[in-house]
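In the two complexes that follow, chain A is the common piece, with chain B as its partner first and chain C second.
Showing the complex of A and B:
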């Protein structure tokens, strides 16, 4: 995962902690994790468990995992993963970084364990800087995603993205990060060709992990991008961990989401349930041709969204494709459904053009 | 004004409260019929196929309440500070609202993370739709809580008064235990044998709280705390001869609680545990076979234990749990 990895590596470097990053999520990570996971747990638990095993095999003796206070399962992942890994015979220490909403020490103590003697103020400055970096990466990713269909030289865009991410990764100070970001965004913008128009406009909504990890979403963004589709995605890494819900990368602030979703889902239900509904409505209002909803099998917040989306679809007349993913889902099936969806959207678009 | 009460999910926890509350305010309540095949089918039709069985059943009940003015689907976000119910219960009124062709829903928000005043306001606003007298609303609520307390006490006493035969503890959400359609008549099947049944309702709430607060991290789902705390207490104290853990296939909280419970069952092996995973495709015959095997195993074990063999090997002989598929 791009931005998360760059952000965390930056954090550990600044804290002077010796770290290994597990290899990118792959079918190997999935099968390692799934083999010892509780069968009925949601997909992200299984893959991150596989990542942990790979990290331990690469020599790690401590696992750092994020936590949460519910109501979705993610906040309890690390507790369960600890039990399952211990039962499988692994020896390690598990540190869970909890959101600071129930006391700052839940958040700081893992870091203070890793970097003994660090003051809370120093830690805070480091965390802020790393977060800034993560957010900068997100902004580059967003620019590449949303400009993709307007660019003729796709290779150049890919290369430019790589270069910019490298520069952001290397940047130290606040100004250096901002400068790398500014130059990156400007150059990406300059690659756009005037006459290029998107074939279709599709919004992607759904559960955080599935949206962010190309391995589990079958690299859907690249696939659709290669077909000339303009894409927007509802959630970025920094939106997910940002405590304020302001300065979001992916579209709408928390307050706007609540307002948009209110007629259909007036309650925050954990995870991205409300974000999914809010963004679907936003995409519909902004005349997108369709929405793709990605969710892990049995994901609680997204199942609520899935139950409600038909009503949204009825009111706004926007086609929605729901893709439920678990460890058995195959790429071929997903591609077939995507193709059929694109055909449907194209037919609808043509029909509407003829009518007008 | 007729208000429909779906006989599903939290009905099995708070029914006495709400029914009394409404009736005291002069509102007629209509209860949906007991779960049955039609209700399940209606629910299955209007829910995503991956959602848990209890929510599907709930939607079926809502659809069975056609001739009412409003359907009561309280949004029970939280019943104590620091914990939620379950995301699906949080979103339940919206799921119902999104279903076509239903009467409007009456959905007060119960959210104790926002404090007691928020709760009092929610109750007042609910009552104010039927009465202009704050005193009357207050009294209706008081009568409701009294009725609920009476019911809870009775359940507790029922559990304690049971003696004789095997003592089997069932840990699960009340809507799994008491909806005989969901549980495939588990209670009745057990009662046929010489067995007395215990549930978490026979335990003091304090015991459950103590057990779950000993976990490395507190669970943030109240009803899951009841499930885990009860299982833990029985495993540690041996107050029952065996535990049946009944869980729904697609239940989010239970998918993780299962790991906790089974891990504790490995640490405290004196009480055998059987996990039964159910969904709408579960067959009665399969359940019966597993249940019988489990009860037989416990009976054998008890016999051996009461033979008091001095080598101490005997009890181990019958150890282990029957795992449901």
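Showing the complex of A and C:
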């Protein structure tokens, strides 16, 4: 999902840890996970559980999972998954990487277990390098997403993305990573066709996992891109890992977004609840034609956002399409809604052009 | 006479409509899909040919509904559009002032908000099909009431029973319970209608205001009990168009008329003989990557007409 794989592979290589990466998320991973998950657990838990089973079957004896805190259930994922997997008879060790904000040792201890004897300073340097790589991948993803509608040869763009990501993956030093990034961004930019204009501008907001994983969001970005829509996404992997930092990829600092959301939702409700509101307002202020809101069924923070969005929609006069996804959701239904949403936005845009 | 054909193939029914130059309905067919969309479309087309006057000339064809792409390929549609746009097109053609469209079909339900004949917002049921036609069919059968009389029963009710409408399974156990404590059948029937309407408003409207005029379309609009329950809940008149059950097809016929610019552009329509052609579908699981896409091929005799289902696009071209 997103830049995570390249970033973590880099980290494990530098730590000299023997690792396996489960295959890309697929219906197989989902059915493996859903079969033993609690039914009302959110979709990301089920898929990541399926990823874990595939990893264990490929020979892994240790699972590294991200942790977290706050009202979103993501923080409990590793605990629940550990219990569910043990009950299903798997033997393994679970390491949970907690965010550094919870105390540096919670963050470092899993890595120190994997690479015994490493100093905190050495570890921090490695983490920073891998993070730089993750951020480079995100910037390439962003450039591909936002240039998609301007490019005539879509296949060439996909090819170029693959190549650049490969080069970033292979890069070792800080300068090598930056160079691969620079060349990649430049060539992507050169693919743009001058006369091609987007038919619509749509912003995508919502729950982090759904935004980042094409398998669960039905590859909505590619679908909309092929219809000539200009897209921006609110959250990227590196924004999520380092939300407050200077390394913003999505385009906004957390503080600015919280300020925008404040009149509607003044508190952090876990996950991306508040960020969803803030970004929707930001898209509306930047004259986007519409916003698509993605959330997993039963996702608490996004449900709060969903109940507030109609008020945002009224005040800023921007159409919002909410898509709720779980393992039962079919692609056909999503496509129907997207088609209808595009029709709605085009009719609105024409109407406004006529009026002015 | 210049005419336009609209076809709406849904989960439960397959509807075909022929309209004239003034978007007036000339003939229509409503039949069950029975899980075989190709057969249903073919049968519908041959039935329509029998029904229609000899002098009609089809100048444009539109397809909509969940089987719209399949239908489009088979009949040679000029435009393939989603159900939401099709329903809105039909409603605004009949009632330009429409502000809200309630559409309840066999397995899905929608709400469409309009302003000045333009769609401004819409929602479709996502994770729950409680309150759609299939459920009503099932419950009517359980109570031993033909679905056509279901509404008449509901209208007789003086003191509707409270039925939980959150989930069809629980609604059913609640109904059984009310039967067992001796509630009147009409009160149970209307109580069920009310609970379905509550469920619909909670799931789809989500606090958005339903402004009048409200138009009620789809197969379930034939049910007077549901219409009454909507009127009670919204405290406004709910209009059911005469051809409420085929409005999707009407909309796609109007869209076909617009696409072919009133028949001045040539149509792709393959003719009424389509009903005699042999079509076959074949599906397989592609094993090139982890997605394991289920790819479907549609053939007319040995000619490949279309291919879809893959995520990467290698079969679609």
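Quick note on the criterion: the second predicted complex is superposed on the first by the 352 of 356 C-alpha atoms of A that agree within 3 Å, B and C clash if a C-alpha of one lies under 4 Å from a C-alpha of the other, contacts with A are read in each partner's own complex, and residues count from 1 in each chain.
The definition used in the following text is that contacts are C-beta pairs under 8 Å (C-beta built on N, C-alpha and C of every residue); 3 or more make two chains touch, one makes a residue touch a chain.
These figures come from a predicted structure and were not determined experimentally.
By the touch criterion defined above, A:324 lies against chain B and chain C together after alignment on the C-alpha atoms of chain A. Within the superposed three-chain model, A:340 lies in touch with chain C and out of touch with chain B [touch as defined at top].
Contact with chain C, but none with chain B, is seen for A:215 once the two complexes are overlaid on the shared chain. In the superposition on chain A, contact of A:75 is made with chain B only, not with chain C. Of the two partner chains, chain C is the only one touched by A:348; chain B is not.
By the touch criterion defined above, A:303 lies against chain B but remains apart from chain C after alignment on the C-alpha atoms of chain A. Of the two partner chains placed around the shared chain by superposition, chain C is the only one that A:26 touches, whereas chain B remains out of contact. Chain A residues 297, 306-307, 310, 324 lie at the interface with chain B in one structure and with chain C in the other. Those residues of chain C whose C-beta lies close enough to touch chain A in the complex are 66, 81-85, 108, 116, 118-124, 126-127, 206-208, 289-292, 311.
Those residues of chain A that touch chain B in the shared complex are 38, 40-42, 67, 69-73, 75-76, 79-80, 83-84, 87, 96, 102, 264-271, 273, 297-301, 303-304, 306-308, 310-311, 324. Considering their complex, residues 47-48, 50-51, 75, 77, 82-88, 90-91, 93-95, 97-98, 100, 109, 215-217, 219-221, 249-256, 258-260, 263, 277 of chain B touch chain A. Chain A meets chain C in the complex at residues 23-29, 215, 219, 297, 306-307, 310, 313, 319, 322-324, 326, 328-329, 332-333, 336-337, 339-341, 343-344, 347-348, 351.
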